[in-house]
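Next come two complexes built around chain A: one with chain B, the other with chain C.
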Partner chain A sequence: MISRWIDRHEKHIFPLPAVIFIILMMVFPLGYTVWNSLTNWTLTSKAPTEFIGMTNYIELFTKDERFIQSVWRTFYFTGGSLIIQVTLGVASGILIDAKKYPGKRIVNSILLLPMMATPVAIAMVWLLILEPTTGVMNYLLKQVGLPISKWLSSTSTVIPSLILIDSWEWTPLITLITLAGLATLPTDPYESAIVDGANTFQTIWHITLPMLRPTIAIGALLRFIDCFKTFDIIYSTTGGGPGYSSETLNIYTYQNSFYYFKFGYASSMLVIFFAIVLGTVLFVTYTRKRLEV
Partner chain B sequence: MKRLNLLLVLILILSSVLSVSAQDKPFDGQTIRVVLANHAWTDAVAPKIPEFEALTGIKVEWESYGEEQLNQKLTTEFIAGNAGVDVFMTRPLQEGANMEMNGWYYDLAEKTAADVEYDFEDFTESSRSATTFNGTITAIPLVTEQEILYYRKDILEENGIEVPTTLDELYAAAEKLNDPANEFYGFVARGQRSPLVTQLSSFIYSYGGDWFDRDTYTATLNTPETLAGIEMYSNLLKNFGPPGVLNMHWAQCIGIFNEKKVAFYTDASSLYPNLLDPTKSDVAEVTGCAVFPAGPAGAVMYDITAWGLSIYAESQNKDAAWEFIRWATGKENSLFIQGEKAQQLARTSVWNDPEGIKSFPADWAAAVAGSIGAKSYDRPLITAVTEARDLIGGIVVTAIEGGDYLKAADEANVKFQEMLNNEKP
Partner chain C sequence: MAAKKTSMYRTQRRIFSVLYFVAIFILLVIFLSPFLWMVYCSFKTPIELSKLPVNWLKGLTMDNYQKVFVQQNFFKFIKNSVIVAAGSTFFGLLIGLPASYSIARHGQKKLSMLILTSRNCLESHFYCHSTSCSAN
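Showing the complex of A and B:
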């Protein structure tokens, strides 16, 4: 009896474990966050938690300067990181792949090491390197006669410094993706190019890069999502400082959740965060489809 | 018959021996979970825990975390409701009000009143009142600290400068000694947004300012007195501080002081082992300690109870937990921790005992003695302390960077007043 019932409802039962997992791990937390964002749940308040509708969202956009600034900073950090990482990553991918040379495998492995290291360890070491008075970076710059900088200790240079650290850590990912993409490229266009007398630069610019475009787009999209969410290196180096100058949306949300204990308010920020990331992914996917066709 | 008698006698002896030892160790076999902070106090007590376990038969599972992470971890566990926590370290000034409001502390009034040998009255009046909220004794006071001035004895001697006794003298001395071209800076103190607030407090108090009026709950962040304190602190750091100061917590300040690059440093007295202990510091021989310099309103520095030891209200092992606390903070252990490990504890009898003060350097002990009883708080005494500290610290950071701090102070005052309105009793 039971086995017949299972046979009849196969198409519902087999995906069941995956569906349950998604509901528990994704749908429920998301739903709970949206529910919390409509309340004023604050741990440090004596008043009981009340349902307040969209008040949190209205307050975020009209009264919270710090929120608006954190959104801009997140875009600034993400944009700067993406430009550097995609350019350097693709360039190094093409360079590494160019010819066979002795030690190519070793070079590959070394170039990929930054990605393997733990983010907090990376943050600690860079904090020491970039310390304005006692750090190695300023010392080396002075030796060569270049101007020194306050790096992570000044409100104007902290985000470029963080972009530097993030690029050091994650450019190898783009390199990896580029290498994978290059491996799948057909060789015919290259042969015709040689026959037509194209030089290396023209080959790269007119053949390699256009063919790599979908791969680069995927890499950039992945990095965009990760960069936007970056928490580990920012929290471990400056914690959002000096002042608020490196406080991105994720850090500000963390402050509100675990330092100020304003769970309702933080939930509304997270919903907006999610909406931004989801919106960008949908937008990119949609335009890619249109470009390809 | 004889054999039976012998057996009976043996059984009687055995059971009486067993029951006697069960009476000695009433909690034998119980396990308690103790959550502590990364602090020199923990470093002093942890190696002795096996002694406690042997003495009482209680198994102690202990863990320790950095102070911010400790608060976040405990809060998360307490909210979830099924925390298996029995004993935990807490900061009365930072999270005391919030935790008491949420009912997470077990009131120690009964335990301390019933335990004559423990002598709760031995703890100083100010430390006991620091851990009492709304009549509930939330914690046993662990360590105390005051803000003092650390300085380079050798540099001052070389340049013929007297140890400053007023803030204006400090400013002048720092100006004279400041030599950035040779990487020597006149003054260092915390520049990180939230951590700096507690060290800023003594500056504000010494000009006659405060965070807010405790009677009317009116914010006073932009009164002339408070602003004068903020200006002195920020100008010292802006003009004579090292370039990386905005990212400095005490660990970085001590680092740069240890590198012999700074003349003056104001911070908590409890940090002195990092500067005066020859095994930890390169400048142990040449570091002096002085009472915090006076402002127009006198030398009004903070004298606070920084940490306390509490029992979780929902603990399943409250009696065993109290056994741990009464051992860890009893007279014998306190004498050891203060006398041998040089921690500033809160028991009067230990301070009066020569064994209890033998490890303290002479001028440090004098600086501390001169700082007792000034102000019992180094941060606003409200529930939403963390948010308030960020607000206040933001003003100082703006000032250090040369921005419009008067405007920042006005804006912060408005926001702070909103927070106070939410908390008015």
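Showing the complex of A and C:
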């Protein structure tokens, strides 16, 4: 009797726990954050927590130079990482897929290693490698005769260095997604390309890349969201420094909540953060649908 | 004439294949070397670590490992990580498997979109929420 009822309503019962979980874990914290963002809740002040309306937001956009800087920096970091990771990831995916040879599986799993390592460990290694005076990177550059850099210790090179670390860690994800996409491509366009006498580069440019476009778009979107939220690498290498020069939105929010204990203020930053990510995701999903249908 | 052409084609293919493996090798070096460097550094004494050029055989030691496991009680951290990983996998599967079955079986596209987007939004809010919890 009960099992028959379950059979009939399987469609609604099975996803129910997941839906309840998501609603509890998303709607409540989100609502609570939005509410907090409208108050002046600060742990270090004796003043009672009060509802102050949009004051936090107004302060963020009109007075807080550090916030606006951190927004641009976040876009700089995200844009740089995305361009490098998508280009290199797709290129290496196509490269790996192009040929079969013994030991290929081992090579592939080695290439995917960075993605599986702990971000904090990765940050430590790169900190060692990129250390300006005792690091190997500068030593190697000097040996080859290339100009050395201050990497993470200079305000002008810190973001590019972080982009380098992030790209090292996450390019393999794009490679993996590209490989998965390549495996699903039909073979007949390639056969006709051979018959038509297209060379390798023409085949890649006119057949592989256009057919891969949806796959690349999904990979780029995933990376965009994660790059935008990057915290672990930045925090464990520079902690936002030198000065404030690598302080992204996420780091600045963290500083505000855990160092200055301004929970209301930090919440309003999170709401803006959330709005940017959600806005971009919706925009990309919408334009993708319009372009492809 | 034809024979010449095929032999040219063959050399061309050979060059391509050499270039291909050079490219794969470069990729391997890029992605593997920081790992190897990390492993190598783990066997070095702190003083020897900052000396350049690298003296490959000098200052090798197992002290770091001894410190990690004896003084730092690393087994406890490993245990904690295993508990967190196993627990979250278990509950993730418990909640996620029925939902994914249902999505695949009945083609509930909207539901899958909801779950995907929430996964992306969740993280940053989790940490704000945990902030609030720890503050209380």
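Just so we're on the same page, the second predicted complex is superposed on the first by the 276 of 293 C-alpha atoms of A that agree within 3 Å, B and C clash if a C-alpha of one lies under 4 Å from a C-alpha of the other, contacts with A are read in each partner's own complex, and residues count from 1 in each chain.
The rule is short, and it goes like this: a contact is a pair of C-beta atoms (placed from the backbone, for glycine too) under 8 Å apart; a residue touches a chain by one contact, two chains touch by 3 or more.
Bear in mind the structure is a predicted one, so any value in this text is a computation, not a measurement.
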Partner chain(s) touched by A:Ser154 [first = chain B, second = chain C, both, neither]: first
Chain B versus chain C as contact partner of A:Thr134, first or second or both or neither: both
Partner chain(s) touched by A:Phe258 [first = chain B, second = chain C, both, neither]: both
Which superposed partner A:Met54 touches (first chain B, second chain C, both, neither): neither
Touched partner set for A:Gly239, first chain B, second chain C, both or neither: first
Greater residue coverage of chain A in the superposed arrangement, chain B or chain C: C
Partner chain in contact with A:Leu43 - chain B first, chain C second, else both or neither: both
First, second, both or neither for A:Leu111, with chain B first and chain C second: second
Contacts of A:Ile194 with chain B and chain C, given as first, second, both or neither: neither
Footprint overlap on chain A, comparing chain B with chain C: 43, 134, 258, 261
Chain A to chain B touching residues, read off their complex: 43-46, 131-134, 150, 152-155, 238-244, 255, 258-261
Residues of chain A that touch chain C when the two form their complex: 10-11, 13-15, 17-19, 21-22, 25-26, 28-30, 32-33, 36, 43, 92, 95-96, 98-99, 101, 107, 110-111, 113-114, 117, 121-122, 124-126, 128-129, 134, 136, 139, 168, 172, 225, 229, 250, 253, 257-258, 261, 263, 266-267, 270, 273-274, 277-278, 281
Chain C - residues contacting chain A, complex: 17, 20-21, 23-24, 27-28, 30-32, 34-35, 37-38, 41, 49-54, 94-96, 98-99, 101-103, 105-106, 108, 111, 114-115, 117-118, 120-126, 128-129, 131-132, 135
Interfacial residue positions of chain B with respect to chain A in the complex: 68, 72, 75-76, 79, 98, 101-102, 183, 191-193, 242-247, 255-256, 259, 261, 383-384, 386-387, 390, 393-394, 397-398, 401, 422
